[in-house]
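Input: structures, listed below.
Here come two complexes built around chain A, the first alongside chain B, the second alongside chain C.
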Partner chain A sequence: MAAIATSSIDTSTTAVLRHPPSQPPSHRRPEERRSQLLRQYTSLLRTAPLMVLFQHNNLQSVEWTAIRRELNQALRKADEQQVAEGRNLPPIASRIKLQIVQTGIFEVALRIVECFRPNGQTARLSGAVDPPKQSSAEIPDDTASLTHDLSRVVHDSIMNHKGKHELSTLLTGPLAIISFPHVSPEHLKASLSILSPKTTKFSAPTRKANPGYHDITVQEGLQKLMFLAARVDGEVFDIDGTKWIGSIEGGMDGLRVQLIAALQSMGSGIASALEGASKSLYLTLESRRSVLEAEEKDTPEKGEL
Partner chain B sequence: MTIPVQTITSFRTAFSPFSPLARPCRIFLSLLQNPRTTPLSSASHVDIKVIQLPRNSTQLPEMTIEFRGGKQLQLEVGKRKMKIGDVIEEVSRVGRIIERDQSLKG
Partner chain C sequence: MICQRCRSNLLSRLHLQHVSKYPSLLQRPVLSPNLRRYSSLPLKTMTPPSPQSGLQSISIPSAIASFPPEAPQISQPINTPAPVQSSVDSEDPTNPVVKRDSSSCFAGTRLLGLNYMKNKPDVVALEDSDYPHWLWGLLDGSEKQSNSVSGGVDISKMTKKERKRHGKKMALLAKSQPRKIPLHEQSIDITPAPYNLPEGKTNGDITQAVESLGQRSKITKSARAARRRSIKESNFLRGL
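Coming up: the complex of A and B.
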């Protein structure tokens, strides 16, 4: 695909690619930490359909370790419970991460994921030149057609969208995010019962069941974590919405079963409503007929008498 | 400008995180709540109570700060459209007076 000038070919007439194909030009230098974080956050936003946002206020590393320990324990229990119920869901406890995010960079990543659309632009190089052939073909400057997360095109298009997303008012101050690879209400409930039991009213483990949870390190750390909101499949949910999602019984399968049951009952309801008119008419006529027959029986008997 | 956190004894606030007016409340919370002020046994313990309002609540964010010596400062952050700088200025002003009084007393 790339035509790279080699010493054996006359360089004046060979097409030259100005950058290696694996490293397209970016608006910001890709080796900087902020660029790497931006790519990590865009990846996170695209691959984690469920994420919960918290404000973290000066937690110590010991407290973070302790909280993550308790969280992992609770999530593994949720996994085991799913297996015990016999549901064929992959265990996701190891893929659920509680991490601190750089709020400013995260806000930019959110804008990229939610607002930017390439409009059919492709980043393919046009007119690929076969290296051994000499030609005067120039590989055009493809910077304008590149639409990767760090490209100039993306930067220019999302530059003016600051603060326009639903979530942008929440993206201030110190932020921590717990991300789930699938939307799993059981795991959400398990994690919220550990991280914010008071606000979500999901009961925390008791002292007998889990004495490690009531350790002073964990408790002081949790006091400094504040639940903000949840982002589920691109939608923003506040505390009440998150409580509802966490309380869905049986997970997504259970929700589908409930939906099917609701649709079926709705169908039968319509059918009975439509039938109802004719049914009531039939019943009225039947009762009238039985009354008339009874009268006929009476009158001939009276006549005979 | 630094806030004299050791003069603050209590911090109560009510806000909805979805409101842009609540930004100073959240930032002030992150300034006050740290490993020195959280433990009950600490000398500079601050009693922090946060009420999170629902998303579509029309109630404006506000905060109440109590200082050592009984002084109370109520800031209507939403009504006065205060920024974090204004909040810090007001709290620091009161706090520094108290700090000076206490250092003079002995």
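Coming up: the complex of A and C.
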């Protein structure tokens, strides 16, 4: 009887999934919009190594449209320039997105991505491996082992980090971000020259080159858009740092070239310094030898005399 | 050279049509069942008006070969326009791997009703080999696909009663299955964190960024569609 009971429990635990595979139990209900936004923001933060934060103050939809139009144009130009220079990078103009985010949810997503690290991974594994212990009593344990972004574990652990992230002081008020799928200084420069040419000193397109940019709609919209900060590979950059990244010529390859040049010059410097010591030693020894030789020559002459 | 040939070809055909005393026999290839093998579509939709279609169908080689021997006086003059037949024959060795039906529209046929552009010459059919290869397989998969969608059952061939019964059965089956969770109600990570990834997998490349971007927009769209549906539903219920 007991054997039958245990076997039935075993089959139930193995056969029945406690939750749908695409909907593991979560702290907040996944049907809600904020849960979905949180999912999207964590994904955005994980896949966008470069993003720039702006504050937007009551931009109208026509202004957004006009700004996005100008931005797309500039980014496509940057793509073309990349191709013309012969660097085989994928065109990313269509993947760069300027979007409004819900500040509060974005802040939470940032904390999840940057602050949460599971320390109980071994515990989760042991719970999954041991089959006879998986009874109804252990269901809360099972949910406790889940560490997806909406899970209770993650929610509880990031509660302590509220306001401790270095971006958290900036994350107030209406927020818009522009996200790049990889760190591309050219595209950053192109977008900043459209969105905030005055603060970053990247020259905006001239009236002659691009009359659409000097449209009153675009200009009024840009006045209401304020540069806040940039986030590059998890690091926060202010205006000067962002300007520096945007001014890297030739993208990551250009940076590598600069590094190699620096290393080479440093190497040659070291070599010349090391050589210099040995050279001076050689020279002193040589001079000493010549002096000695001269003395030796002098002495026999004296002996003869 | 080809034009000249075509002209003589046409002339001989026209001559034949006027002279022929057996119009019923001339029309026969159109109706004959062995012609059906050559085009999956009914001939009338593929070919321009009837006098021409009658003429074209005659020049299909196997149609000629399968002509009953009791009509020699017609098959004799028809055999004279050789070029079309030879072109069809010469096409086979070039493409021996894929054996497909030849088009019912011969090269040089004026395609009526396709001349959409103003001040442009009429659209003229090309050689079979000039069309892309996927064109010939367009109709092959459609039946199979529709069958696979409805579980190997062709609903269009059912009677009304059978269709109703089938619908009820499928609804019951769908009820017994667990609910399919829409994209905007899932709680699984879109881009899993590194600590949730299986061993040996890393994230952070551009393809993943592109993928996640697509998924995010899909979620937004799915949520939007659901919202619209619910609004419509509530509006309808309020109107009752």
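The definition used in the following text is that the second predicted complex is superposed on the first by the 242 of 305 C-alpha atoms of A that agree within 3 Å, B and C clash if a C-alpha of one lies under 4 Å from a C-alpha of the other, contacts with A are read in each partner's own complex, and residues count from 1 in each chain.
Everything that follows uses one rule, which is that a contact is a pair of C-beta atoms (placed from the backbone, for glycine too) under 8 Å apart; a residue touches a chain by one contact, two chains touch by 3 or more.
Just so you know, these numbers come straight off a predicted model, no measurement behind them.
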Comparison of chain B and chain C by chain A residues contacted: C
First (chain B), second (chain C), both or neither touched by A:229: first
Contacts of A:172 with chain B and chain C, given as first, second, both or neither: first
A:46 touches, of chain B and chain C: first, second, both or neither? second
Contacts of A:148 with chain B and chain C, given as first, second, both or neither: second
Which superposed partner A:60 touches (first chain B, second chain C, both, neither): first
Which superposed partner A:200 touches (first chain B, second chain C, both, neither): neither
Which superposed partner A:242 touches (first chain B, second chain C, both, neither): neither
Touched partner set for A:113, first chain B, second chain C, both or neither: second
Shared contact residues on chain A - chain B and chain C: none
Partner chain C, residues of chain A touching it in the complex: 20-26, 30-31, 33, 35-36, 39-40, 42-44, 46-49, 90, 92, 95, 97, 113, 116-118, 121, 147-150, 181-182
Interfacial residue positions of chain A with respect to chain B in the complex: 55, 57-58, 60, 63, 169-170, 172-174, 199, 216, 220, 223-224, 226-229, 238-240
Chain A partner contacts - residues on chain C that touch it in the complex: 178-179, 181, 184-193, 195-196, 203-204, 206, 208-210, 212-213, 215-216, 219-220, 223
Residues of chain B touching chain A in the complex: 17-20, 23, 26-27, 29-30, 32-35, 38-39, 48, 50, 52, 54-55
